[in-house]
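So, here come the structures, one by one.
In what follows, subunit A forms one complex with subunit B and a second complex with subunit C.
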Partner chain A sequence: MTATGPGPLAPPRATARTRGSRLGDPVAGVWLAVLSVTVLGWIVVAARGGDFLTTTNVVTILQNSVALGLVAVGQSAVILTGSLDLSVAYLISLGTLVAAETMASGGVVTAVIAVLALSAAVGLANGLVVTGLKVNAFIATLGTAFILRGWIEDNYTGPAGKVPASFQHLGYDRVGPVPVSVFLLAAVAGAVWFITRRTRLGHHMYATGGDEHAARLSGVRTRRTVVVAHVICSLCVGAAALFLAARLGAGAPWAGTEARYDLESIAAVVLGGTALAGGRGGVTGTLGGVLVLAVLDSVFNQLAVDPFFKNVLRGVVIIAAVAVYARPRRAAKGRPTA
Partner chain B sequence: MTTATVTRHGKHVLRALGTGAPVFVLLAVVLAALALTDPGFYEPDSFLSFVKRAAPLVILAAGQYLVIVCGEFDLSVGAVVTAGVVVAAELYGSFPDAPWPLVTALLLVAGGVIGGVNGLITTALRVPSFITTLGMMLILEGAVFFWTGGSPQGALPAAFRQLGRGSAFGWLPWAVIVCLVAGAAAMLLMRSDFGRTLVATGDSERTAALAGVRVARARIIAFVLSGVAAATAAVLVGGFSGVSAQAGRGYEFEAITAVVLGGVVLGGGRGSIVAAMAGAFSLQALFTLLNLQGVSGALESTVQGCIVIAAVGLGAADWSRLRRRRTNPSEGQPL
Partner chain C sequence: MLTMQGVSKSFMGVRVLHDVTLDLEPGEVHALVGENGAGKSTLMKILAGEHTPDTGTITIDGTAHAFTHPAQARDSGIGIIHQEFALLPYRTVAENVFLGREPVRRGLVDRRAMERRTAELLAEIDVTGITASMLVRDLPVARQQIVEIAKALASDVRVLVMDEPTAPLADHESERLAALVRRLTARGLGILYISHRLPEVFGLSRRITVLKDGRRVATLRTADTDADEVVRSMVGRELTAYYPPRARPEEIGAERLTVSGGGNDRIRDIDLTLRAGEVVGIAGLQGSGRTSLARALFGATPFTTGAMTVGGRPLRPRRPRQAIRAGIALVTEDRKTEGLALHQSVRDNALLVTRAVPPRGGPPTGREITALLERVRLQARGEDQQALYLSGGNQQKVVIAKWLAARPQVLLFDEPTRGVDVGAKAAVHTLVRELAREGLAVLIISSELPELIGMSDRILVMSEGRLVGALPAGADEESIMRLATGGRRGGQKDAA
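Take a look at the complex of A and B:
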């Protein structure tokens, strides 16, 4: 099905560069995929007598993509710079717990500040370990994940704290038909989009991810860029934790891990056409990737697919989608070595 | 052949020690700490049972090393272990009289096939292996749960479990023998032409391809071997701790951690398989030590995270100094 090139060699670097510097290609593919998945889902569900594109259903799809969307937007910031964050799942869990406990004893504002401060600290730690100690991001953030997990398991055995009704508005209220949380996602995604595409920092992020050595030689402070990217990612994760706390009404040790936000967010980012090696892609594609997963989920739910079998289908779809349209070049994986 | 091999072997060991130096230091420190904490640890019995418990992780690390050194990841090994255990139990549920060598062989073949699929998708369809094997993990876990409805039925007969928990001659656990055989085979493999090819592929795919290496084939074989290693680990785990839908959970990250602890560079091309397996031993020794020290099960992972970061950080610190002196980031240590 896929017309593979003649040999195992990657196309010459130059073509990839020019293609990568234009945003268009992969993003269009992703949104095309969103469209086709929606249409396909609509046809399949309609064929079985259901109605797919109802307002409620669309709203549910949007609502369900908020948490993963927030995490994935943050994740794309780190992946763009050539790094990775595997600690997001446990950070979400800890974030919901901290939020709910602080809200139970103090004010909502204190809680929001506390969660964001915690996230920023974790992101800073990740970034410093990756850049300062030169630990591979995979291992560094996995280590952070273990540390957070130990902390959570040592201090919490079950749901803790309570989120006041005033804050649960974030999870349940709507403006017209649109949930408030979707605006949160839009705001965060917009901010990250602006940072990555319109500011100097953003250009440095692309440069660092594309070729760290070249970026450094051109005067980019690559270390600082990577650290900031990790902080941005963790702040997005903090926002996701706040949203989930509002949704759950309490903090839960399994809030982030049960849905596997660490691996799912990376899958969404790659689905969105961002190269795992960094330097290519962006937030717009990531949102598309998240929507593809959310629409699929909704279709499976409407068809009452067994939840376990759903995972099988998801695995197949993720691989197939990346094989068909994301088409990453293999050589880029070796970082500057390749 | 003999003298030449011996000298080369000596050099090889030295080099292996050189590339993975931090891990051997770590292993020595942890083993010494174990000796201090539990004087009985080096009694043959308890030491052999430690090796027995370490065996699955060591074998997984060896398989993972092959994949990592050629520049890829295999995140599906944990799911392969789970699937292997559950499938074996279900097989015995339907055919209670199946001879254990047949079931074991079937599992190994199945593991190899899964690895082959991973390799084909990664090389032919050019999906990054992170995504391929992540998808494979979702597929296998989903399939296992779907098939068994969340709680696997059936039990493994004693004959099958012998490999994981029994002993030969009454004192030498089979798992230790399997581990030694797998380790020796892996070392021989890495010293063969294929091993060199694999490292060259990971170091620079393009150079390797221009030098006539069939890059895709080398990678597929690496994935197949990783799948077989995971299936072997499944047989051991199933024998040791019985049937569970959680049997292999977390093993993929533990294996990758072990390999990286051994000084192997993610992205490929550097590091030795001996160090990778030593990394697995260190990790297992670390778990044992934390248990003996009475660190609560929960905080165990915190300590583990800190030590992993510190150990890899130490290893990386030397790297960067070497690298800077050469002023070329793509240049590595001689293997």
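Take a look at the complex of A and C:
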């Protein structure tokens, strides 16, 4: 990054941070956390005579991260833009059902298209309600969640449809040791990273989340940006639904709700250093957040921690992480105000 | 180049602008003055495409425009520097400058081009010390403003509207801004300059348009008029006794607050005495520690060293609550975020402090609050009007009322008249002097030297976190600035 330096009259101040220096940045912090949780887990498990870093275990951790990863990546897009999506869990459930039923009657391609179309439609609806009717995103997407839930409970009582073996490859196959689904996550995360970091849309998402009024005054079409972010989010959720359908071999009304992907995804995003208010953070951090949760889960499982206590620990970790992010950074503190 | 013809605008039946006409020539600074609520902001927002006018036309180079989105105004060559900057603190300078019009190469944002062009823009307007890749939050206010200007220039504006651009700046920064404004007009830009500060209006403008109650009162050639005439047409009356008379020696009484050797991580070696009946002014440049001093006295960012007494008793407040109990009040410089609950009523705001910290004589009655609001000369539709809808001056009066309800002994003012119109300013000044006369100790921090000199019985100057000098009432601007900028002449401590 070469920037034209200031003139000789004003030497650059050493304290001013630029895009290049990221010390104290939550994104760097969360990956450090992934590393330290892994090392800690390895030590604790090794002390009990186990082996944490086996290929099987690492692969399991990755595999277990895929569904939450896909949802959380989508969630990052809306949260960055200053919105939120609480309808993801029910959309996943409905997505698996639509996928499995369509696959049973039609073809795999039709099913994929159907699920993505359904997701895009739900995202569009969420976005339009938030921007057009100016309903707070929390309430708007909670409402969508209720509507989807009502639809599901009215039409399904248990698993439905059947996923052909050809599509289950997505859930179970591996390339070498790496599950195919991890590539799906990588591709989706890469795409969202690319959109947020390299395109104008992405810049406008950060701007809208950072200060909607300022963005609007700068000529950013903030409403359209929020709507598109919601569509991106829902498409990621659709991908998660397809993956889960492949794993389950059928559609299930509880596919998204049992694992509480709505709140878990928000936790992962926040753990990854994205500001809940929007405008700061990104996909890289979110993936770190997802991994921290997955590694913790794995450690707890290996140590056979009581599942209730496990949740207590997860809660403590999330709160502690956000408390650390909330601490004022030193560079900002050193500058006196008038 | 730009003509606004017969512009009218009403909000919910209330007419805010009435048939206003204004024109701007290339290379001209056209000043727009008027009290708060005169319609300047609305006029500006119409020009910026934030509001659509009910009637009237905007013509740029012979083409009529009807803006419905800020982007259209900008694409037609109109740029706005808002009083509250429209910047994203966590994005870089370049990202802010090109926000909404990022250069794209093969469909992707070209960061390198963005940073290069930002650097070129900054160099073009002769600005140093800002790098395209810095985060905006790391820049001081004056530099952030320059980023705003660069942002406007990046979209090839030909008309630049500046709304109170010097309000957040210290005097030497204002001079730098004035120089920048002259460089911009030399390039053929037309500048619509909104300001309460008449000296700078006279220093910069070619013409002055005065708005009053939504109507244009006059458009004057700056060379043919003077401050008196402008002020007269703004308020419709002469403002001769601009500042109330200072305290006579016998009016200055007992010590209300003393500090010796006070300091924390931003200020140090503070020796200070505030007495009943006396108005003490604190001068200093932006970043000199003035606000930090007020916040330390108030316990918001407490002193970590030194001794302090309040009302004769030793007390170094560690929390605002302690300070309030001891009778200290702080009117902060940012009333919108620190002074008021904007969505609550005038009455609720006036009760804000006493509800949290009930004063010794019991909380004020409704009648007392009404009397207080009358006393601060509040002009509002009623006590249940939301603070949000008051003009800056009236908001400030509510903040003052809120503190008076707590019956304080020591009143600290940080920028008491920032963003306050001329009429309300005089009212605030008169009120402050009245309060001192009743035996309160008053401290005023102000970036406006005339105000500081006009109001203070004694002026202390801060520089780099220390009190570097004390000057008597009526000291001239030059000696204050000499001390504030670090020329340590006459640097005696506050020995009085």
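One rule holds for everything that comes next: the second predicted complex is superposed on the first by the 300 of 338 C-alpha atoms of A that agree within 3 Å, B and C clash if a C-alpha of one lies under 4 Å from a C-alpha of the other, contacts with A are read in each partner's own complex, and residues count from 1 in each chain.
In the analysis below, a residue touches a chain if its C-beta (ideal position, glycine included) is under 8 Å from a C-beta of that chain, and two chains touch if they have at least 3 such contacts.
Please read all numbers here as calculations on a predicted model, not as lab measurements.
Visitor: Touch check for A:K134: first (subunit B), second (subunit C), both, or neither?
Guide: A:K134: touches subunit B, not subunit C.
Visitor: Which partner chains sit in contact with A:T144 here, subunit B, subunit C, both or neither? Use first/second/both/neither.
Guide: first
Visitor: Kindly classify A:D306 by the partners it touches after superposition: subunit B alone (first), subunit C alone (second), both, or neither?
Guide: After superposing on A, A:D306 lies in contact with subunit B but is clear of subunit C.
Visitor: Looking only at contacts as defined up top, I'd like to know whether subunit B or subunit C touches more of subunit A.
Guide: Touching more residues of subunit A than the other partner does is B.
Visitor: Looking at the overlay, does A:H203 come into contact with subunit B only (first), subunit C only (second), both, or neither?
Guide: Second partner only.
Visitor: Quick check on the superposed pair: does A:R280 touch subunit B, subunit C, both, or neither? Answer first, second, both or neither.
Guide: After superposing on A, A:R280 lies in contact with subunit C but is clear of subunit B.
Visitor: Just to be sure I read the superposition right, which of the two partners does A:I319 touch: subunit B = first, subunit C = second, or both, or neither?
Guide: first
Visitor: First (subunit B), second (subunit C), both or neither: which does A:H213 touch?
Guide: In the superposition, A:H213 touches subunit B and subunit C alike.
Visitor: Does any part of subunit A touch subunit B in one structure and subunit C in the other, and if so which residues?
Guide: On subunit A, the overlap between the subunit B and subunit C contacts is residues 2, 4, 7, 9-10, 213, 331, 335-338.
Visitor: Write out the stretch or stretches of subunit C touching subunit A in their complex.
Guide: Residues of subunit C touching subunit A: 48, 50, 69-71, 74-75, 80, 82, 85-92, 95, 99-102, 104, 107-109, 112, 115-116, 119-120, 123, 128-135, 137-140, 151, 155, 170, 266, 284-292, 333, 447, 465.
Visitor: Which of the residues in subunit A come into contact with subunit C in the complex?
Guide: Those in contact with subunit C are residues 1-7, 9-10, 12, 15-20, 198-200, 202-204, 206-207, 210-211, 213-221, 279-280, 331-332, 335-338.
Visitor: Please output the residues of subunit B touching subunit A within their complex, sorted ascending.
Guide: 71, 75, 121, 123-128, 130-132, 134-139, 141-143, 145-146, 150, 202-206, 209, 214-216, 253, 256-257, 260, 265-269, 296-306, 308-309, 312-313, 316-317, 319-320, 329-330
Visitor: Touching subunit B in the complex: which residues of subunit A?
Guide: 2, 4, 7-10, 129, 133-136, 138-140, 142-147, 149-151, 153-154, 212-213, 263, 266-267, 270, 276, 306, 308-316, 318-319, 322-323, 326-331, 333-338
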